[in-house]
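Following this line, the structures themselves.
Presented sequentially are two complexes of chain A, the first with chain B as partner and the second with chain C.
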Partner chain A sequence: MTVGGLGYYVRLLGVSIRTSLITSMQYRVDFVIQGVMSLLWTALAIFPLLVLYGDRTSVAGWDFGSALVVMGLFTIMRGVLEGAINPSLLAVVERIRSGSFDYTLLKPADAQFLVSTTRFDPWHVTDLLAGIGIIVYAFVEMGRAPGAGELAAALALVAAAVAVMYSLWILIVASAFWVVRMDNLSFLLGAVFDAARWPIHVFRGTWRFVFTFIIPLALMTSFPAMALLGTLSLRTALLSLAGSAAFFMVSRTVWTLAIRSYTSASS
Partner chain B sequence: MIQVRDLKKHFKVHKRPPGLAAALRSVVHRTYTTVKAVDGVSFTIERGERVGFLGPTGAGKTTTLKVLSGLLHPTAGEVSVAEHRPQKRAAAFLRQITLVMGQKQQLIWDLPPAETWSLNRAVFGVAPAEFDRTLAELTELLDLKELSQKPTRQLSLGERMKCELAAALLHKPTTLFLDEPTIGLDVAMQVTIREFIREYNQRHDATVMLTSHYMDDVVALCPRVIVIDGGRLIHDGDLRALVKSMMPDKRVSFAGAMAADVIERLGRLVTQDSARTTIEVPEDRLREVIGHLLAGEGIGDLAIEDPPLEDVMRKLFKSKTADAS
Partner chain C sequence: MPTMLRVGLAETIAYRAEMIVWILTTTMPLVMLSLWTSVADEAPFRAYTQADFVAYYLGALIVRNLTSNWVAWQIAEEIRMGTLSMRLLRPVHPFASFLATHLAALPLRLVVITPVVGILFLTAARDVVIDDPARIGLFVLAMAGAWLLTFAVFLAIGSLSFFLEKSMSLVEVYFGLFMLMSGYLIPIDLMPPWMATAAEWLPFRYMLGAPVEILIGRYPDAAAVAPVVARTWAWAAVMVAAAAVSWRAGVRRFEAYGA
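So, the complex of A and B:
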C-alpha cells in the first residue's frame, strides 16, 4: 500500500470514521440524549420565528417559509459543526496542551488531515435529519418544491459553507499553537455562529458587512437557502464559491505557518 | 545511521519574574532570554547500535531527540537520520523512525489498544499480511494477548507502556528514539521492556537511542553512552571505559564485623551498617584485599562490583561544572 494520494486519504478517513463509531457505540445513552437535544434545540429555534411571524407576513423581505429554510440550513450546519468539526477541535487542542500532538507530527500523513479527522460524533446525524425535516416542511408550507437546478446550486453552496466553517475552525486550531489556551475563541465562534439562524437581511450596516465578508455567516445559511428558493443571483453564487475557496487557501497557509512555528519554537 | 554535526537548538523564552506587579508589567513589556538547550553537539551512531543518551534534567536530551525525529528545526548544524534531513518530515523518513515518549501517550483512551494499532496501520500504509506478522511478533515478545482488547483506560501503567511500544513499532522502524520508556514502571516491568528493546534491536538490526533516569536500563542495554550537560557533549564512548576513567576503584562488600583501623588499611569506607560493609579498593590491590578478607574470621558473602553508574554520573557532572567555573 502506498502512502499519499487520494485513495490513501479516503482509506484513512474510513478508518477514522470507523474508530469514531466504535467509540460512540460505547456511549449509547448519548444517542438518546442527542436525539432529544436535537429535537429540543430545533423546537426552541423555531419558537422565535413563530412569535416574529405571528402578526406579520414578512421580515426584511423574508416570509415565514423562506425564514424556515434558513433555519433548516442552520440546523444542518450546526450538526456538521458539532458532529464533524468541534470534536476534532477539542481533541487537538487537548493534544497540543498535553504534548501528545507530537505523535501526530510523527505520522507520515498530512498533519492537517489527521487533525481534522481526529474524532467524529456520529450522533449529530440527528441534527442533519431535523434540518432536512424543517426544509421539507417549509416547502410543504409554501406549497411548492425546489427545482433540480436550484437543488444542485444549494448543494454546491452547502459544500462551500462547510469549507468556510472548516477553514474558520482551522484558523482557531492554528492559533492554539501560539496561545495554547483558546477555549474562549471556540466559544466565541460558537456564539457568533448562532447569528446564522437569521436571514442575512435581518442585519443592517456594519453587522451585515461583517457577517458577509469577515465571518461569512451569510455564506453558511442564507445563500444556500436563497439558492434553494431560487432567489440567489448567479453572480453571488459564483462569488460565494470563489470566496470559500480563497478562505480555504488562507486557512491552509496559516496552518502551515503555525506548524512551522511549532516545530521551530516549542520545547 | 545517525549523524549530528555541531547541532544547536536555541529557544527564545519569555522571562517571567515572580509577583503580581511584575506579571502585570510583563503583559505590556516582555523581556526575552535565549535558552541554549543544545549548543554545539556532534556524534555519529552506526546502524544497529544501542546508545544510552544521558545527562541531568534540562541537559537537552529530549530537545536533541525531538530534532532527530523531525519535531523541531535545528537552530544551526547538520542532522542526518537514515539518510534524511529530519526537519523536512518526509513520509519516507517518518516510516523509518519512531519516537517513544514515556510521559506521553498516543493510545486512544476509550478504546482497546488494537484500535490504535489498526489506525496506525492505515496511517503508515502497512500491508495487512505484513501487519499481522509484525503484530504476532510483538504480541509474543511483549505478551500482549490479554491486553489488546481491553480499553486503554483499564490498563495498568506497565501494560499501557507495552501497548504504546507496540503502537510505535508496528511499522517496523529501523531507528528508535526512546525517551524514558521505563519511567514509573516497577522493576519487573522495566526488565521486560529492556529485554524487548534488546530483542527488537537484534532481530531488526535497529538503531536505538535511549534516555533513562534508571541507570540499570543503560547498564543493561547500552554498550555506548553519550553524555550531555548544559547542551554540550561531555562524553561519548564505551560505558565501561567511562566508569573506569571516572571511578577506577572497585567496590568490595561483605557481611560481618571488622575493626575500623583494619578497614582503613584495606580501602576507603563507603557504607557500613550492622549487617554489611562496603569499601572501595583500587583494582591493583584487589587480590591482596580479597585474600585478607577471605582469611578473616566471620567474614562472608563477599561481592565485587563496579561503582553504580549513578555515582559515576554525579561525579562526572560535578567535575564538568567545576571545570566550567
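So, the complex of A and C:
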C-alpha cells in the first residue's frame, strides 16, 4: 500500500467508516432512539408549515409542496452535519485541547483528511431517510416528478452544499488552534443553521444577504431545492458551484496556515 | 443562603463567556419570527398582525432565556462522576444548593436579555405589550411561577438519572414535547383546537406560552389573567412534589462510583 495516492486515502476512509460502524453496532438501541428522534424532529419542523398552509396557499412565492422540498433538504443536511461532520470535528477540538493532536500530525497522511474522518455517527442515516421521504411526499403532493436533468443539477448542488458546510466547520476547527474552546462556536453555528429550514425568500434585506453570501444557508437548502423544482437559473447554479469551490479552497488555506501555528498543549 | 448565592454569582461571572454563547444559541424564536413576519407582511394571519408576531416571539425569547436552567445535566454529571456524594454530605438540602446556583445566574441572563427588551420597545410591537400595573404585576408572578415550574421539571428529570443511564435522551424527548405544546414553535391560539385544548391541560404551556400571552395582552384584563397565574403555580407545586419524591427514592439507591 503506497502512501499518499488516491487509493490510499480511499482505503483509509473505508477503515474509518468500518471502525465507526463497529463501534455503533455496540449501541444498537441507539438506532431505535435515533430513529424516533428523527421522526419527532421532522414532525416538529413540519408542524408550523401545516398550520401556515392550512390558511394560505403561498408564502413569499413558495407553495406547500416546494416549501416541503426545502424542509426535506434541511433534514438531509442536518443528518450530514450531525452524522458525518460534527462528530469528527468535536473530537479534534478535544484533541487539540489535550495535546494528543500531536499523534495525528505524526501519521503519514494529510492531517486535514485524518481530522475530518476521525469519527462517524452512522445512525444519523435515519435523517437522510426522513429527508428523502419528505421530498418524495412533496412531489407526490404536487403530482409530478423531477426530470433527470433537474435531479442531476440538484445532486451537484447538494455536493456543493456539503462542501460549503464542511468548509465552515473546518474554519471553526482551524480557529481552535488559536482560541482552544471552540466547540461552543460550532453549537452556535448549528443554531444559525436552523434558519435554513425556510426558503431563502422568507428573509428580507440584510438577513437574505447574510444567509446568501456570508453564512450561505441559501446554498445549503434553497438552491438545491430550486434546482430540483426546476426554478433555479443556470447562472445562479453555476455561481453557487464556483462559490462553494472557492470557499473550500479558502478553508483549506486557512487550515494550512493554522496548523503552522500549532504549538501543542503545554509547550 | 446569601453565601451560596454569592458563590453562585462568582461562578456565573467566571464562566460568563460560555453562558453568553449558550444564551445566543437560543435562535429558534427568531427563526420562527422570520417565517411569520414574512407571512403577516401581506395580510394578518388570523388574529395575529405582524406586530403581534414580533411581540410574541421576542417575548418567547425573553421568557425562555430567563426561565431555562441546566440542573438536569448537572445532576446527571454528578451522579456519573460520583461527586454527588460531596453535595449530599453538606448540611443543606441539595435542592437548596442547586436553587442557589441557578438563582445566581439570573442577573447575567437579565443583562444579556436587555437588548431584546430594547428591540421589543423600539418596534411596532411596543403597542401590543401590556402597560397597566395590575397585569404587569401578574406577569411577574407568572414568570416566577414559570421559572419554578421549569426548575422543578428539570430537577425531576435529573433525579431519573439515579434509575436510568440514558436520562439525557429523555431530555431530548421532553424538549420536543415542550417545543410543540408550550407555544415555543407557534402560538397556542394558532394550533388546531384539539391541540390547543390539550396544551391547556398540560404543564408545558405554563412554562412559556402563558407568560408570553399575558405580556402581549392576549387577556383583556387582570381578572382574566389571574386563573392562568393560579394554574401556573399549581403545576409548579405538583412538579416540586414530584421532584422531591423521585429524588428521595433515588438517593436511597445511590451508591457513588468508587465508594
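Please note the rule applied: the second predicted complex is superposed on the first by the 263 of 267 C-alpha atoms of A that agree within 3 Å, B and C clash if a C-alpha of one lies under 4 Å from a C-alpha of the other, contacts with A are read in each partner's own complex, and residues count from 1 in each chain.
By our rule, a residue touches a chain if its C-beta (ideal position, glycine included) is under 8 Å from a C-beta of that chain, and two chains touch if they have at least 3 such contacts.
These numbers come from a predicted model, not from an experiment.
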**Request:** Check whether A:Tyr166 is in contact with chain B, with chain C, with both or with neither, and answer first, second, both or neither.
**Result:** neither
**Which of chain B and chain C A:Thr23 touches, first, second, both or neither** = first
**Message:** With both complexes superposed on chain A, which partner does A:Phe177 reach: first (chain B), second (chain C), both or neither?
**Reply:** neither
**Asked** Where does A:Trp41 make contact in the superposed view: on chain B (first), on chain C (second), on both, or on neither?
**Response** second
**Request:** Would you check which partner chain A:Ala109 touches, where first means chain B only, second means chain C only, and both and neither mean what they say?
**Result:** first
**Item:** Which superposed partner A:Phe74 touches (first chain B, second chain C, both, neither)
**Value:** neither
**Request:** Write out the stretch or stretches of chain A touching chain C in their complex.
**Result:** 33, 36-37, 40-41, 44, 47-48, 51-52, 55-56, 59-60, 181, 184-185, 187-188, 190-192, 194-195, 197-198, 201-204, 207
**Request:** Sort out for me which residues of chain A touch chain B in the complex.
**Result:** 1-4, 8, 11-12, 15-16, 19, 22-23, 26, 98-100, 102-103, 105-109, 114, 260, 263-267
**Fill in**
Contacts from chain B onto chain A in the complex sit at residues 11-12, 37, 62-63, 66, 69-73, 87, 89, 91-92, 94-95, 97-99, 101, 103-106, 108, 110-111, 115, 118-120, 122-127
**Prompt:** In the complex of these two chains, what residues of chain C are touching chain A?
**Reply:** 18, 21-22, 24-28, 30-32, 34-35, 38-39, 45-46, 166, 169, 172-173, 176, 179-180, 185-186, 190-192
